[in-house]
Structure formats: structure tokens, C-alpha cells
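Provided herewith is a single structure, encoded as C-alpha cells, for subsequent inquiry.
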Amino acid sequence: MRVAIIVFPGSNCDRDMMVAVEALTGRRPALIWHKQSYLDPVDLAIIPGGFSFGDYLRCGALAAHAPVMNALHDHAARGGAILGVCNGFQILLESGLLPGFLAQNKTLKFVCKQTNLSVEGNAICELTKSLDINERLHIPVAHNEGNYFADAETLDSLESNGQVVLRYAKDETGVSDNPNGSANDIAGICAANGRILGMMPHPERAMGAGHKSADGKKLLQSIFEAIIT
Amino acid sequence: MQVTIIIEKKPGVLDPQAQAINQALSSLGFDDLQDVKMGKQITVSIDTDDEERARYRAAKMCEALLANTVIETYTIEINEPS
Amino acid sequence: MSVQSEMQFENAAAMGLSKEEWERVCAHLGRIPNLCELGIFSAMWSEHCSYKSSKKWLKTLPTDGAQVIQGPGENAGVVDIGDGTAVVFKIESHNHPSFIEPYQGAATGVGGILRDVFTMGARPVALLNALRFGQIDHEKTPHLVSGVTAGIGGYGNCIGIPTVGGEVEFDASYNGNILVNAMAVGIAHSDRIFYSAASGAGNPVIYVGAKTGRDGIHGATMASAEFSDETESKRPTVQVGDPFTGKLLMEACLELMAADAVVAIQDMGAAGLTSSSVEMAAKGGLGMEIDLDLVPVRESEMSAYEIMLSESQERMLMVIDPSQAEIARQIFNKWDLDFMPIGQVTDSDRLILLKEGEIACDIPLAPLVDDAPEYDRPHLKPELLHVIPAAEIRQNIQISDALKKLIGSEDLCSRRWIYEQYDSHVMADTIIGPGGDAALVRVHGTNKALALTVDCTPRYVEADPYTGGKQAVAEAYRNIICVGATPLAVTNNLNFGNPEKPEIMTQLVQSVTGMKDACTQLSTPVVSGNVSLYNETDGKAIKPCPVIGMVGVIEDWQTALGIAIPPETELFIVGQDENINTGWLSNTVYAKIIAGRIDAENQGAPPPVDLMSELQTGQLILDCYKNQLINAVHDISDGGMLVALCEMMLAGNIGAEITLPDNIDTHAWCFGENQSSYIIATSKADEFTKNAAQANIPYLRIGRSISQQELKISNGDIISLKELKQCYDTGLSNRL
Amino acid sequence: MQVTIIIEKKPGVLDPQAQAINQALSSLGFDDLQDVKMGKQITVSIDTDDEERARYRAAKMCEALLANTVIETYTIEINEPS
């Protein structure tokens, strides 16, 4: 399995993601510096969390124009698999690889907490297809801009195409655990081809072994399984 | 030539900050106002004397980076030399 | 020097120098200083840089131990944790800037302390903060709390270092002078620590990082001056933090250090280029020559004075091995940072600055550092408050109602509203984050973890500074023990009022003495620290706040316990005898919140601290850890036993029933703040009690966990967990 | 009456955001420009026809909430009715 992690100067979850990937695949992923304009063939490219360029202007805006992004677009055009987590999700949106945008949290505050996620039953995402849809995933978030928004038309088509992959789950009383106010409680979406996944929660921080949960491991595992087969 | 670029959210696009300011202002007793809008103002000096060219360059910058044209609009004004 | 100086004593006085200090400056130079030179002297001799009021007392602190690699005197302290690894840490205040501009003040405070740590060659792995705000209903408080919290998060979250712990208090004495102390902790190879002493005459001096602007000119002197309405309106010196550049600088420096090119390195913190160049040269016993025209600036026409005194953030000064200069330059290019040779090390013992081809400054270095003034300021015999008997303090209120009021008060309620704004998980090594006792952060890739805490109880310090100083150390110690770690060493931040007032100096002297005794007895030497004086508003001093930051280590993080009570366990108090027979209500949160004793005079004496008992009880807890006799631990501190128990229940989301003893005042027993005690939950009660008895440590079984979601007290009081949670969780959000 | 409020960093105050944008623009090939500045533009409708009053209210809002007067300045413009 060949995995590449794209590293921007302000990425700060690149190492965490590298450790997580290596723990699961037994192979250390390649770290690709943003100034590099090519990407050797890989099975999965990951854009990790952090503050790529300080999150100045708009989160992910400056990163979306880094040299490495052309190569990533080519990878995507070939049907390559991509995972964007947190700032990585923001970058995927800014670069048009996924639809919509992430506004500031409705509280206007950074939020770092454990969340409860539900895996959507009708999701077309190839990368998560082995996840059990009845299961709740406990994976933490840490972001200031995770408030997913898209116009009504886009939202409708995401929903009807099954591109919504993860939602902040509702508890017994029907109240959602939504930490940021995102539309339809969206926590993660995928591209129409089911090969690009963007999500706010950090799976690399839920790997068991000292973390509060091991559900991030489950999620990453499902991605690797999907890619191998 | 100095150019001022204003970037605003398109109507209907979620703007939690504007919403919050709206609310905060009314809770501070500013209840005589409506419809707060927030935008970004970016001023740049462009190395030309040609107004057309300055406008053109500024628009390019907006398309390339400064505005996310899916959710934002931009307007460009040429500043009078002071 | 040819430049004619216009300076007079009045100029020096405006920069905070006394008449006598002015005369000493002139004597050292053999002439009148120019503006730049005077600025350099006044900055180096400011309280902030020279510690002139506190040095005499700081010297009394224990700083040695087998574990200590580097004690005070460098950018941060360094402590060995075995296997070739060292922990590097320090705490620093940013009180005045945070009051003026809370977001930027707090953010730059975090940035500054991080630079102190990575300057030593350590990768920062954790941040903590100790905050003091005014009364929660004071008009400025919500704005200050929001701004400071956002600023701490703004910097730490962006640079990607988890903020894992801290403390927050509200008290009227901080209405006009908040305290923002930030602590940073890093990990380094114990044989690859970097120091600030320059060496090798002729070696290039390199400026790296952000450009110099007119930010915070003379911040060091400002941090050493009292506040008044006038300073607030002047607002001359706001520095803006840029965590993104901070991140680039951190990564570039760590990469450069790995490449073996650095001879000496020092961050530009307080007094910027002045203190960094002076300290590097003086520590190496050498001189330095700098061409100020080469310093990267972001504004035009900056004078020598401004360049030397600027406190622009995200800058470093380095002496490098000339043969490695090219590699160094490439690394900084990669990170898009300025890299500029601005001068060289000389063997002259002088600091010589050039500006536009002229000598702008030529001063001997030794007097700047070695002959900085040191004062033995007058202090008094402390007037200690008397103990107020529990019977006078206790109020006629149901225990359950008192408990709800206490855990819902801003003093004791959950700090979640604040710490959820901090990324506490980034780096993926946080085992225990905010909300428990000490935080626990794994040493990456190993079984070891660092236990980290900051503590102080200013209420106690005010009433009895010696005991208060001791207590801060003891409480930190207890917090480290709670997670199963061995306490190693401390850093401290001494926040006081104007030391020229004998009663303030008394607080400083007494609490440092208490700290000394505790650190000695508990074998936790002081390896770094910071002093912040003149914390006064219109002549009124803050409550004295000598904060302790303590670091401990646990060999296997998997053995660590939290405070959450597991099902089917029995509950014990273990520790001081007094806990079982009497309860200490004097100067407690109960006295403040329930009995309304707010003024120092009617708060009474704080609980005594018996260091021997602290040590022995701590040892017992660690032994129980080793033998796996306990399932949860929490120390008893502010609010007393019942508050601690309640926190343990809420963390475990579990009910408990407890039995009140019948031989003592039940309020004093529930809410007394006796020291050196813990609550433990155990499923091996017999073995636990056997161990405690053998160690001769008093213990008392107080109850057990139950399956109902409630707290049941033997007097018939019952409160649902839900109600407790509601009080606890909304205490801050309801008021801010 | 519609009012436009412009909030800018005071001169000399570091503006990391503007710096980062400047760099990004030049690495995108916009090398003919200098001196990027960032500000906020806020538009509000104030329920009055009196220009003086509108200005006064807007200034109050800036002081109370919109501007951080420690590091920012604000200017107020009355918009022509369109």
C-alpha cells in the first residue's frame, strides 16, 4: 500500500497521521512537501489537519494553490483515492475537489471535543463501505471552521446521491452532538465518484492505545481495505 | 496605483460572524439597526498607471486567490491618488 | 564616541531607572549614554530582566538534584527522564499585555514561552496556563476571559502544541490586573541541549525569523511598572502574534539544530535584540558587534534605539559554525524565513552597534549583566491571621444545597467552557487532558509519559505567605502523584505587587521560603521560573500568586489512573489525621461562597501543610499504584472532600453513597480543605487498608459507588447526578 | 440609512494575514504588486434619516464591539441611497 501525506508548512497533524497509517499498514507513508509539483503514483493521498498557511484569508485557500495541488488534481482525475481531515477537508473544498464550504463554527469558538458520529446507510463512499452503519463512531474534533454549508441544491444532491458519509449523531432524545452548526449535521462527505472523502473529525486521534477511542482506527482500516481490494 | 478590493459573501451564504455581530449589537442595545453585513477589504498597490490594467490585475487576483467565487463576490475600486 | 548625547537623568527616570542607577550607568561608560545605550541599560536593569528585587531570594531556592541537567539561568530548565531523554520546561507571565489586549497578549505569551523551550533544542509537546481574572461579574471580566482564552488557543492550536492543563480563578483583586502565566514543556535528547552562551570570536551572529517592527518597544520596562489609567490609555506597545510564523521558526530551528550548525541560540523575548545579544555575549565571556542596518525591518527609518528595544515576535538570534552557514541558510529558505548575518562574536567584552556606518552604541557587557542592581528590599515579619473555628464559619444550610452552590460557583465549576477552546489532543500523545488532576502526555513512541500541572491558591498566600508558598508546591505534588507519576522538578512564576512596599516584599520573601522548604523536602528542585512584580492598579496590589508548574514522569502510561470512579468500588479518604477527626474550614471556598467571607481579614488562617505527611501519603499512593490496589484517585483541594468526590462521580458518571462520621462537624468534614489527602476508589479494600495501616497513614472508609445515578448521604440528603452535572457544567457558561 | 464601516489595523501593527497573502500572491506570479493591507468592511442599516445620528451610532458600535481600538482604527462612511 502506497500512501502519501501532503505536508504544508502549517500542517500539524502530519506526524500523527503518519504514525496512524504506519501502525495500520506496517509501512511508513511518504511525506510530500507542498512545494513539490509532482506526486509518484500512490494508492491514497492524505491531506492532514493543521493550519496549512496559518488559515489566513480563508482556511485552505492559500494551500489550494500550492504546487503539489496540481499533482493532486491529476491524481483525483485518475480516480485516485484522497482523504482530507479537518484542514485537509477545508483544502479539498477550496480546491473544488469537493463541493460546499466550511464556515466558522456557530459558537464563533474553536471546539475540541469527542464527538459521536453516525455512518450513513446510503453513502456511496467506496472508502468507508466496510463500516457498520449501525455503529456509532467516537472520534474527536478540533477546529474553528467546521460548519459545513452548501446551497440548497448542492445539499439536496449530496443527500440524494448518498455523498453524505458521516453525521454528528443524535442522542436518545433526538438532539444532535453537532459541535459546529453544520448543515444537516454533516461531518464528512465524499465526491460523486466515491473516492474522495473529506471529514472534520480526526481519526488519527482515535487509534486506541491511550486515546479515548479506537474508532478512528476502524475508519482508517476501512479505507485501507477498500483500496487493497 | 492603489486598488481596493471588497469581498463579500453572496446573499444566502452562511455567515456566522455577521449573525453573531447582529445579535451582539442588539443585546448591547443597538436595536435600531438591521441587516449587518461583513466583508473583507484588501488594498493593494499595483505597479502600473493604467487604470484598466490595474482593474484587470485585481480581478485576476480575486479569481486566482482572494475570493472564493463559489460563495463570494468581489468588487474593485481604484483609489484616487491622495 | 563622537555622538553628542542629550540624555539626562529625566530620560533615565522615564525609562524606570533610579537616580543611583543612572549614575552607575554614567560611571560604567565614563560618559553620558546616548538614547540607544540608555535604552539598553534600562531594559537590562529592569525588574523583568535583572530580577533586582527578587534575585536575593531566588538564590535560596533548591536547584540541584540528580535529575537536573540545567537549572535556572538558561531559557528553560532541563531535567533527565532516563533513556537519553530530557524534559525542558518553563513558565512565563504575560500579565500586562493581556490586560491591554487580551487576545494578542495571551497569544504572544504562549509564543514567547514556546520559543524559550525550543531554543534549548526541545520539541514542545505541551502547554499549560495559570489564569487569574477579576470578579466574574465585573464589567471587564467576560471580555478578558474570552480574549485570553481565544488568544491562548489561537496560538497553541495553530502551532500544533496541545494545551493540556491549567487553572483559572476569579477574584476582585485582579479586576484591574489579570494574570496570564503560560507554561511550555518540551522533549529533547539529553545530550543535545542547546545553550545561549556565545563562543568563538569571529563566528557569525545570525538573525532569523520575522522582521523587526515597532512592536512593544520597551515592553520589558512596561512589564515592570505599575498600572494606572494613564498607561491604559497610552497603549503603546501591543505586539501581535503570528503563530504561523512561529511554527515555521520552530520547525526551522529544530531542523537546524539536528544539522549540527548551531553554536549558541537565544530567542528574542523581553527586550528583544538587547537581551538576546547581551546575554549571549556575556554568558560566553565575549563581545559582540552588530550592524543594525542589516537587521531585517518591516518599517522604514527605525532608529538604533527602536531596533534594539523592539519586541516583535517570532525572532531568534544565533551564533553558528561558519562552515555550516550554507546549510543553515537553505533550511531557513525552505521555511520561507529571513536568515541574515548581522554581526559577529568578538573577544572584546563590549557590545558595539553600528548604524549607517557610525557607532550607535559601545558599552562594556559585564556591567549590563554582572553589575545589574540587586536590592535587599525591606520586608517585615508577616502578620498571620488566626484560625477561625469551624463553628463560626459553618452555616445553617443542607449539605446537598451547599454542595450544589459550591460546585456551581465560578471557583469550582467545570472549566470545560475554557478548555474546549484549546486543542488538547494534537500530537496524538495526550493520555489525560484537561479536567482531571495532572495532565498526562506520552513521550512520543515510548511507554513513558509526563505528568504536568500548575497550581497556586492566592487566598492562602495572602493570609499566610509562607504556608501558601508551601501549599502551592504540595498541591502540585499531589496532582502529579494522583496520575501515578513521580514528581521531578518545578518551574515557578512569582506574581506580586510592588516590591518597594515592605508588605509586598514580605509576601515574596515568605512565600519563596515556603516554596524552598517544600521543594527541598519533596525533592522537586526549581529549574526555571519567572518573576512578575508591580501587579497593582492605582496602588492596590493583587492577591499574591506564586504559581508552581510541576513535571513528573510515569514509566508506563498504561498504569495511570484518572479521577473517574469505576462501578463496584469502595471509597476512602487517605492522608492527614485531621481529615478524619476534624475539618479545616478557615480560609476555604466554603468560607468564601457559603459564609460570604470574602475579605482577607475575615477569611482566617489557611490549612497547615505538613510536608512529611505529604511525602508519606504520596508514597503510599504510588505504592498502591504499583500493587494495583486502587482504581481511581483524586486529591482533596479547593472545596474539600465532598467537592472532590463529586468531581470523581461526574467523571465516572456514577452514583455513590457516603456515611457521615458522627464525631465531628459534618460541614467541616465535607468541605474542609485539609491538605495532604486523597480520595481513592478501590475494589481491593482489604488489601488497600492493610497497606495504609502498614505505612501508618490514616485512612477512613467513606462509602461506595452505587448503581443509582445519585449521591446519597447518610443524613438523608440525596442529589441526582443530573442535577450535580447541571450545576457543575453551566457554572461558567451561565456567567460569561 | 446605510452606513459602511471600515476597520483597519493601526499603522505599524503587524498584520500577519496581509503578509501571508502578499507572499501567496507573489508566488502565484503577481509580482507587480506591493503593500497588501487587509481590513474589514461592515455595512449596517441604521434606522434614522439623520446623518449625524447615523454616524454617532456607528461610532458607538465600533467602540463597543466592532473594532478593537487597541490595534485597529475605524472609519465611517454614509452610503448614498441607491
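Letters A, B, C and D mark the chains in the order given here, with residues in each chain numbered from 1 onward.
Throughout what follows, a residue touches a chain if its C-beta (ideal position, glycine included) is under 8 Å from a C-beta of that chain, and two chains touch if they have at least 3 such contacts.
What you are looking at is a predicted structure, and each value in this text was computed from that prediction instead of being measured.
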Pair joined by more contacting C-beta pairs (A-B or A-C): A-C
Intercentroid distance (Cα basis), chain B paired with chain A, Å: 30
Averaged-CA centre spacing for the pair chain D and chain C, given as whole angstrom: 37
CA centroid of chain B to CA centroid of chain D, Å: 9
Touching two or more other chains - residue numbers and ranges from chain C: 242, 244-245, 336
Set of chain D residues in contact with two or more other chains: 16, 20-21, 24, 28
Sites on chain A at which at least two other chains make contact: 53-54, 56-57, 62, 65
Pairwise touch network: line, ring, star, complete, or other: other
Residues of chain A touching chain B in the complex: 57-58, 61-62, 65, 94, 96, 101, 103-106, 108, 147, 149, 151, 181, 183
Complex contacts: residues of chain C adjacent to chain D: 100-101, 103-104, 210, 213-215, 235, 238-240, 242, 244-245, 298-299, 312-313, 336
Of chain C, residues touching chain A in the complex: 150, 153-154, 157-160, 242-245, 247-248, 251, 335-336, 419-429, 431, 442, 557-558
Of chain A, residues touching chain D in the complex: 53-54, 56-57, 62, 65
Chain B contact footprint on chain D (complex, rising order): 6, 8, 18, 21, 24-25, 28, 30, 32-48, 57, 60-61, 64-66
